[in-house]
Amino acid sequence: MTGFQNVVAAGLVAGAQIVTVSVGGLLLVGVMRKVRSHLEGRVGPPIHQPLLDVRKLFTKQRMHPEQASWVFGAGPVVLVATAVVVAVISPLATTRPPLGRSADFFAIVFVLLLGSVSLALGALDTGTPFGGMGSSRAMTIGALAEPALLVAILAMSIPAHTSNLPVLVRMGLAHPEMIASPARILALGSFVVIILAESGRLPIDNPSTHLELTMIHEAMVLEYAGPDLGLVTLGESMRLTLLLGLLVNLLVPWGVADRPGAVSIVIGLGALAGKVALAGIAIATFEVFTAKLRLFRVPELLAGGFVLAVLGAVTALVVR
Amino acid sequence: MSNVSLVITAAAGSIAAIAGGALPAKTRVWAAVVLTWGSCIAALVGALAVLHTGQSSVLNSSQILPLTGVTMVLDPLGAVFVVVTAVVAIASTLYWLGYASHGLSTRTASAALPLFVTSMLLVPAAASVATFLVLWELMALASLMLVLVDQRRREETRSAAQWYAVMTHVGAAAILFALVLLSAHAGDQTFAAIRVHAHHLPTAVRNTAFVLAVLGFGSKAGAVPLHVWLPKAHPEAPSPVSALMSGAMVNLGIYGIVLVGDRLLGGGPVWWWLMVTALGVVSALFGALHAATSTDLKRLLAYSTADNMGLVLIGVGASGMFAASGHRAIASIAMVAALLLTVNHAAFKGSLFLSAGSVQVATGTRDLDRLGGLMRRMPITGAVFMVGALSIAALPPFNGFVGEWLLFQSLLHGLPTSSTAVAIAVPVGVAALALTGGLTAVAFVKAIGVGFLGRPRSEEAAAAHEVPRTMQMGAGMLAGLCVVLGLVPVIVLPALGRAAASAVPGTPATTLSGSVDLHLAGLQGVLAPALLAAGLALATGAVIALRQLARRRFTPQPALRRAEPWGSGRELQTARMQYTATSFAEPLERVFDDVVRPDRDLDVSHVSESRYYVEKVTYWTSIGDLIEQNVYRPVISAVHWWGQRARALQNGSVHRYLAYGLVALVVILAVIT
Amino acid sequence: MNGPAYASTLELMSGVILVCAAVTLWRRSLSAVVKALAIQGFALGAVALILGIRQHDAVLIVVACLVMASKGVVIPTLLGRVVASDPSSREATPIVNVPASLVGAAALTFLAYGATQPVVALIPTTAGRLVPLGFATLLIGFFSMVVRRKAISQIVGLLLVDNGIALVAFLATAGVPLLVELGASLDVLLAVVVLRVLAAQMWSKFGVLDLDQLRELRD
Amino acid sequence: MTIRSVLQALIHPHTATNDLGAAPAAAVGVRHTLGGSLQLRHVDAGSCNGCELEIASAFGPAYDAERFGARLVASPRHADALVVTGPVTKNMVGPLKKTFEAMPEPRMVIAVGDCARDCGVFKGGYGVAGAVADIVPVDVQVPGCPPRPEVIIQALRGLTGR
């Protein structure tokens, strides 16, 4: 293939992954709401309801607090932009994503961190008590989740001798026993805890609370309206989808396209959608039967995640 | 030609100092600054030449210093530190031009600042014990004078200066012992001779020398528990001086450890470097935690200096451990990571301290709880601080990210091939790196969000407006460097590779390659920071475009409405209801209660009529430095106690003094016979 | 069974044992802790079973079944009864708070890894490499006995220690003799029964199962 | 479908899918159709909480207004319509105005219950400032004291168009 064709192909793959993550992310939220309402004995909104909500939000008026600076408006934009970048470079549908060679797990974590930092700054720019409360809590939890995350990455990277995500996924395809290795499983276990914390799900944060004092993530976005809020909703759903996508691809990589070609990519997208949907349903079911932790019990949960990651690292060292 | 540049550096620096001391107030500052620039540029040229060719430049002269003479060798490792110092110095002296009207135009200051800069430029070139120690002391004294500039206005400055003086001289003593010990065994005081004899030294000597050096240089680098002077002196010093101390001087502590450990002693056993790594881990965590919980802007920056130096020490220690277990390539990658972290830290911490100084000039306070809303009032300074903060939080596409990525990669790849002790140390290092990263993000989200965003919390902050151009330019220069280094780190990496090769004996010079991509030689680790940044920019543009396009379908008027922030329909909403820096850090403070030990006090007073009506609630909290309280205070009080006892000996009576003399004489005679 | 499958299942089971040990420090609700203990018992049995199948050692397989029966079923059921009988069956205030004790567990794991390297060097088998995990389980057991207040937690800690020893024994010396293992298990079983009685008596006497209350026995 | 029926049989005895008929024509004064998505912010301007109970049950398992795309949200910034109950008491005039001002265009006000429409039995009370329409422009009125959940849902569907 010529260079031009390569570029076109890469562009197509990138586009496919972006569309899947953005639209699919909103649908994922819809699915999770549907599961919740079923378990609560309700019919619940249709699965495409989040799409309708976002479409409407984009047609509404933007509102900024009087004293806010450009940072307030930049928050949601950067949130979505980081999610888009991660959607392009991470191995979701194929193990050969554009820029895949530099799709380092470490890099992806810090790109996502940029998104959450920008949202936290936007929240502080509102000049309201709620904004500060939300961003303080979110940043604290993020800071405590960080060690677990990086040690988990380390534990997964020791056997593979690299922290490059496509390679990690490909290794899972090549050597299934590497997935069953306790290092990988423990690391992914702590990764699950981190996903719950980072994406503000129960038991860390209640996404459907109306009481400001119990809010973590919701308190940061109370001030956003119209398109800004639409971007926040979009960005958050994309982040959840990305994290779950990475999780499932590291846990059950089968279906991911390992060779170029439209057909395998399409299969990969389908497999991704199926796996992520299952993960989402699992989380939603778990949420129905779980109560929110007290804010100061959250460190216990994250410390547990950290210990899982450390045990993973040690087992990786033991069996190396 | 580069030894010529050393001479020019020294000459221009001394002339600058004299000019600053002699000239009248109007021309003083300008003359000193311009001459200092000359000295910096000369040093820059020489150092770049050394880095480009890889050839060290030598300068020997027996006239300048009596008895010993001066020996100077600028090798790639030293050249890196010279370049860093020169760049930071140019930026902060430029800033000084605008800042001078705020108490820095005195003769002392104008004389001391060039002296400080020049001595820092020459320390990495010193190649004999005497030269090194003289320049080191010169640097210490000049910086001490500069810390004391503000003493007339603030009395805290004096105690800070005392702490700084004591710590820096204890450190200097340790360094003196270490170097003298080595030169004594080598029989010659030039570094070259010491290096030759290093391997025939008895182990005890090597160990003593290294430990002493780590203590001495560690105290200069602000390594916990030797950091106590740092959070006192850096905030109290005038901001350009803080920038110089934090951006250039602390680096020389790192340089010293590498110099003694790797260059002079040619590496050592694993436990040396485990010690350094442990020092780094403790400093990183302790510094980051205190940065996240402190509410004084410059104190926050000072603690985060301790934190960043901790990361650098982790890199240095890892490099040493890998070299000791025989993995030269990875050792040199770790050393490159450490050097890159140093360069980055100089860039962003310099810009942060300078813009913090601008905030202090504009509002008259450093207390975050009294700031706010500055982003609209001081847009340039705000943007500069934002860039620095995002870089220090290791967020792409800025330079801090590349450094921490490199450190993580070196740890990751060093792990599987290393011995048990190292294999235990490395995951701990990674965990420390991660927790530090998270806490730093908290600290600087707090610094920006409380200091620059939201609504002003005091009249001073409300009345603030932008500072003079030169100050903006000085800070902006370094912020620009943060961006450049973040996008194309490859412009410095080859030089750093050579420096690492000259530092860690027997390592390949080119461990990192690539123009856009950043490859680790022979390892699976690639990063394309420029592409990542381009992707982010592209995505941001696309998202904004999407937002605008979507709005066209139906546009309510006005498309963007500014309104009172939503406060649950509350009638009255004041700026004091915002989260302050204290409340922002409160959850973290609780989580790490055992480490930071905040002392809180809640005082509720009721109205006289009925105890059911609260009149006033006073909440008071402060966080002291645990190590200062539990380690240094006891020592100080003990010394004080002995001082009191000693006073009993002398009550002014001549007879008693004569009696002491007689007793002493008798004792001596008794001993002799 | 073939090489990689054998290795990975063995690693997996040992990993499960270690994680269960960590979970006992993680969770406050004692019922969850007891569940973790049961899982650990089964995993231990599974390790013995795998080794037995691998080495075609009938005795070891018998031992495996016994381990599963005693440590996976009997002991947890007994403890479960005690927990059920105690309405306040939570580690409300451990002596060391949960995050700290978890970090401590992590540190102990590293310590175990470092300390057992010489042993591992002696046993160059797939199983031998996993000895550190058993040792870590042992240390975490001791640790949880130190930092927890409830009588049940003490029993659990003891059982963790025992499981750790058993795991090390299995991995290091391809299985202990049947009698030894039987003796150990019965020994522990006895201890559990005694402690269960003691706990029941404490419950009737003080209405709590908090070891700090035992001080009152002194006067 | 089967999961749903099973779970409902398990969790909620009587079926939630009692059909409320087709969506009515858009209610009076609606300036803009929201494409099947309606975020609501509820303000109790001084109600006796009878209407609150009915609203709660309208969003409960039995009536489940959420399946028509209506949802109660935590901030007026997120809301398309304001659900106001009760006569507006003097102390609630300010907060009600602020809440209305805090909503982005296009915005609507739904007055739920007789009190909200014309102060009901509280008319002329010394603490009552007036009906909702006297304070903020009302687009949709829901009669009844308290209005039945079906009626509330009818009004909401008039806005969501589903």
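Each chain gets a letter, A, B, C and D, in the order it is written, and its residues are counted from 1.
Keep this in mind: a contact is a pair of C-beta atoms (placed from the backbone, for glycine too) under 8 Å apart; a residue touches a chain by one contact, two chains touch by 3 or more.
These figures come from a predicted structure and were not determined experimentally.
Peer 1: Which chain would you call central, comparing Cα centres to the global Cα centre?
Peer 2: A
Peer 1: Have a look at B-C versus A-D and report the one with more C-beta pairs in contact.
Peer 2: A-D
Peer 1: Hey, how far is the Cα centre of chain A from the one of chain D, in Å?
Peer 2: So the centre of chain A lies 34 Å away from the centre of chain D.
Peer 1: Can you compute the centre-to-centre distance for chain C and chain D, using the mean CA position of each chain? Integer Å is fine.
Peer 2: Chain C and chain D have C-alpha centres separated by 57 Å.
Peer 1: With chain centres taken as the means of their Cα atoms, state the distance from chain B to chain C in Å.
Peer 2: Centre separation, chain B to chain C: 48 Å.
Peer 1: Averaging only over C-alpha atoms, locate the centres of chain B and chain D and give their separation in whole Å.
Peer 2: Here the centre of chain D sits 59 Å away from the centre of chain B.
Peer 1: For chain D, what residues touch not just one other chain but two or more?
Peer 2: Touching at least two other chains: 75, 77, 102, 104-106.
Peer 1: Can you tell me which residues of chain B touch two or more of the remaining chains?
Peer 2: 423, 427, 554, 556, 561, 563-564, 566, 591
Peer 1: Mark out which residues of chain C touch at least two other chains, giving numbers and ranges.
Peer 2: Residues 99, 110, 113 of chain C each touch two or more of the other chains.
Peer 1: Of all possible chain pairs, which ones touch?
Peer 2: All chain pairs meeting the touch criterion are A-B, A-C, A-D, B-C, B-D.
Peer 1: Give every residue of chain C touching chain B within the complex, in rising order.
Peer 2: 99-100, 110, 113-114, 117
Peer 1: Taking the touch rule as given, give the residues of chain D at its contact with chain A in the complex, in rising order.
Peer 2: These residues of chain D touch chain A: 3-4, 7-8, 11-12, 16-17, 34-37, 39, 60-61, 64, 66-67, 69, 71-75, 77-78, 80, 102-106.
Peer 1: Which residues of chain A touch chain B in their complex?
Peer 2: 58-72, 77-78, 80-82, 84-85, 88-89, 99, 101-102, 104, 106-107, 110-111, 113-114, 117, 120-121, 123-133, 135-137, 139-140, 142-147, 149-151, 154, 157-158, 161-164, 167, 212, 222-223, 227, 230-231, 295-296, 299, 306, 310, 313-314, 317, 320
Peer 1: Touching chain C in the complex: which residues of chain B?
Peer 2: For chain B paired with chain C, touching residues are 420-421, 423-424, 427-428, 591, 594.
Peer 1: Provide the residue numbers of chain A that touch chain D in the complex, in ascending order.
Peer 2: For chain A paired with chain D, touching residues are 37-46, 49, 52-53, 55-56, 60-63, 209-210, 212, 215, 218, 222-226, 229.
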